[in-house]
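To keep things simple, chains are lettered A, B, C and D as they appear, and every chain counts its residues starting from 1.
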Amino acid sequence: MGINVPGPTMTLAELNAMPAAAFTAALAPVFENAPWVAAGIVAKRPFVTLSALHRAMMALIGTQSTDAQTAFLRGHPRLAPETLRNGTTVESTAEQTAAGIGTLDDAKLTTLSRLNAAYDAKFGFPFILAVRRASLPTLLATFERRLAAGLEAERAEALTEIAAISWMRLLDRVEPAPTGSLSTHVLDTVRAAPAVGLGVELWRVDGEATCLESFVTDDNGASSRELLSEGRLRAGTYEWRYDTPTYFAAIGYPTQARSFLGKVSVTFSVWNPEEHFHVPLLLTPGSYTTYRGS
Amino acid sequence: MGINVPGPTMTLAELNAMPAAAFTAALAPVFENAPWVAAGIVAKRPFVTLSALHRAMMALIGTQSTDAQTAFLRGHPRLAPETLRNGTTVESTAEQTAAGIGTLDDAKLTTLSRLNAAYDAKFGFPFILAVRRASLPTLLATFERRLAAGLEAERAEALTEIAAISWMRLLDRVEPAPTGSLSTHVLDTVRAAPAVGLGVELWRVDGEATCLESFVTDDNGASSRELLSEGRLRAGTYEWRYDTPTYFAAIGYPTQARSFLGKVSVTFSVWNPEEHFHVPLLLTPGSYTTYRGS
Amino acid sequence: MGINVPGPTMTLAELNAMPAAAFTAALAPVFENAPWVAAGIVAKRPFVTLSALHRAMMALIGTQSTDAQTAFLRGHPRLAPETLRNGTTVESTAEQTAAGIGTLDDAKLTTLSRLNAAYDAKFGFPFILAVRRASLPTLLATFERRLAAGLEAERAEALTEIAAISWMRLLDRVEPAPTGSLSTHVLDTVRAAPAVGLGVELWRVDGEATCLESFVTDDNGASSRELLSEGRLRAGTYEWRYDTPTYFAAIGYPTQARSFLGKVSVTFSVWNPEEHFHVPLLLTPGSYTTYRGS
Amino acid sequence: MGINVPGPTMTLAELNAMPAAAFTAALAPVFENAPWVAAGIVAKRPFVTLSALHRAMMALIGTQSTDAQTAFLRGHPRLAPETLRNGTTVESTAEQTAAGIGTLDDAKLTTLSRLNAAYDAKFGFPFILAVRRASLPTLLATFERRLAAGLEAERAEALTEIAAISWMRLLDRVEPAPTGSLSTHVLDTVRAAPAVGLGVELWRVDGEATCLESFVTDDNGASSRELLSEGRLRAGTYEWRYDTPTYFAAIGYPTQARSFLGKVSVTFSVWNPEEHFHVPLLLTPGSYTTYRGS
């Protein structure tokens, strides 16, 4: 994820069972300078998923008055080297450092200062972005675009970013419910039939690439079981790798040597590990289509 | 390519200008035990591309009588460890060794022996496959399928494989004409408009992955110039890498953090480096389609 | 279907319960001049689907000797006006007439005569094609291509065509099992989520277009029930019509006025009404992909 | 287009050459109660395309003060039966009548009154929509959605709709420049090659369907010339119809009888007839993808 976190230290069951004060203390860092969010959902326990807990928090923020929301937005630190120098929350320090805010060159520093000043002047609250998974070019591209937006749209976008930040911080602290998993399905659209007997690997590719699963598609062109189920799916970046040359050779389409496609890889992000991610592949020797299925 | 070759030692111009005997000698190893193929096209020079030269050779083979073609097929060595032990052409030895024929385990050896015996008995000539780019599973899958084919289909397929083998051997010896190149084009199908300002990298991924080109798409969603033109395109495996998260962030679609797709990679094979390879990408935040364009 | 047939007059249950002679008589016209096919599967009853019955017939043909198969192929009438003039089976007469064989202009007549003569001379049996659903251009295009094929491939293709002809004739006579149905599923790939609330119509478009079903997609982007199930699905041509402009207007994508796509229609053929046909649509304002799903 | 208009009565050349007062008078009805827009671009003549003229008008509106824009928005009539009864501009009367505003049933009337009242109360200007090409369900779906938007977003959307309305009114009056045309390109993604020899028809399908062009794809899988060029392209709805069964039969893929796809149709809207519309089709026997190309 770009920053090192020791991993979740609580389960949902533990969180549901805690005294109110402990619950609030445990989740206070999830939002910047706003422990009232955690305090405000204590009475809504138990939560069966982390997603439900997070929705309850965001709903509470959504029902605040405009003034209260503005104050909440103003409670967020600037994305800026001076924030890091002057000290801010542990969480924001780690996230900003990982995004490279602490080591900008002079040109980037000047750009960021200009953007921050213009943004504050226009909107009255700091620019908020879930920087943990954003590269510096993404950060600056987003900043330029949002500076041109209207106040109304920008307040909504700031809340969307806060939802993203708080979700990642929740995942740092609490084990997600074991409801998520992965699956794939390959359709050979030359014959309009499942691609049977195709070798598939599932890789985790966040840091050093690691092969997690390896199987051959069954009669439905799929893995015969859900993958990374029972709590083994984590947020991060994954990749399906399909051995299409061997498949095409076996059924008599052109072999790799003379076909256009090599092994097909599909990289995708798992943002909410409590969800199921289904990735279909529509395959021919000369093309493919992939998407998040349902 | 799996085997080490020192690289081409001649240009087409040199080949066109050689005495007939030298031309025949230079190209004799392109076909197994059939120097008559090279000799038979001497008078057709000059050739403006390696593709044209290769087409002339295959056309000559295609006009032989059935008996002559059978003799030609029989001139090919078995894909088998005993072939390597007993000695065969330099080219076939290198190719079979690279495909792992020399280091099969016992189970694979038994399978291969059974397949070879059955194939020879059924068709009267050895199983011919362009093994240089085929993995062992591809080789065995192909062998099983082709053993079930009819004689007529199998003669045609053997010639197709010989075309592949001889093409690779030609590329080992002679510089291709500098007519090939690569291009890509990205269409944002949410807006039905070119994806402008998208970061793209072109990698060579045969051995250690190497970044060859890096650019940002122009107003047409493309690179503003042909890539690897003027003779720099070589046969092999390449990969386009598209920085889709930054693009989506810049235009205001969901950022990587909340989108499904990570960076999109498209791997493809260049078999004939004299051709132009155009790879379009149809892109949305939740799906993409790619194909060999024209 | 191009020819008028009164519709099936038997059910599978009736066919399963008939005396052997009646069964053979009922199914004799399914193959040209080959009542032995029907006779040969009497003992395999009962059949739970028409597909199973048909597979048994084709399997029996597949196990005959080469000579017996050649005789079987020779039992088929030429596709030619003289066949119609000289008289042939009721079934072939109806099918050839519907394909326009009886009313060819002089140029087409000459072409067809040439093709028939060349084909018979090369292969020793008449050109066999399931003409009932083939237009005249399709017939001639197919004839030219197949004339260039090898004997082995052409014997296989003739059997494939006979499978098609006999399947249509079976459907003329016997009610299929009520196992088939239709469904669709629309994915909005801008958001990687089901397209909820999209108006969809299902039309039959063989003769005069008729709207059979009309519904709005549910939370899964699908019809909430199988369509044309319980025996109501028939062989023929159907069309899904999607009211994409209203959908895009409702969710805030560009309205029809300014978008590229009008209402999206997908036409498809149901060949085997005992199967389920699932047609997914991957949709954006500027593109769509459709395929036969599984 | 839903309403009858006699067709353009001027050319761009005539408009460019008119006295200023005549120019303003000719274009005054393009915007509701705002002749100052036409007057404000007189000095920018000549315009080489209608698109350029329209962009100039919208740019002028965009540079007005917020108060002036609000007054401009308030100059638009309500979409309501009382507007039609009380009288409004000729143009709005025709457009609202065509959309069915004059013949709503009681339930729809109640809904529309509620929406109009709530919208005016919230935003201070009437709901503006380019109704001419919107069906009643589209109108109501859009109204509900936009009522939930913020002021800033809604002002922007109202201007977008005014751009659409004024563009259609311009097309009613002035001949577009003859710069537009249509083309298609079919790629057979089984072979990663152009689909050569495929029969294609181009239909106009706004009212009674009419076939405008019929051709066979050339060696590039395309029409060998631009279609409806030289001023013959008009705004409206068109359809490409591809004879895929004959194509698949000719190259030896499964014939229509046994394939899933029937003839493929792609319907699309031409909004700006000064543009070129390129529609690629990526085709296999079991799937296709289409999009607006560039």
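Simple rule for what comes next: a residue touches a chain if its C-beta (ideal position, glycine included) is under 8 Å from a C-beta of that chain, and two chains touch if they have at least 3 such contacts.
None of the values given here were measured: they were computed from a predicted structure.
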Subunit D and subunit A - chains in contact with each: B, C
Graph separation of subunit B and subunit D (steps between touching chains): 1
Longest centre-to-centre distance from subunit B, chain (CA-based): D
Between B-C and C-D, the pair joined by more C-beta contacts: C-D
Distance between chain centroids, defined by C-alpha means - subunit A, subunit C (Å): 47
Chain centre separation (subunit B, subunit C; CA means) in Å: 38
Multi-partner residues of subunit C (each touching 2 or more other chains): 189, 192-193, 259-260, 282, 286-287, 289, 291-292
Residue numbers on subunit D that touch subunit A, as the complex places them: 150-153, 188-193, 259-260, 282, 284-287, 289
Parts of subunit A lying in touch with subunit C, wherever the complex brings them together: 187, 189, 192-194, 220-221, 282, 289, 291-294
Complex interface listing, subunit D residues touching subunit C: 130, 132-135, 137-138, 141-142, 144-145, 164, 168, 199, 237, 243, 245-246, 249-252, 255-265, 267-269, 271, 277, 286-292
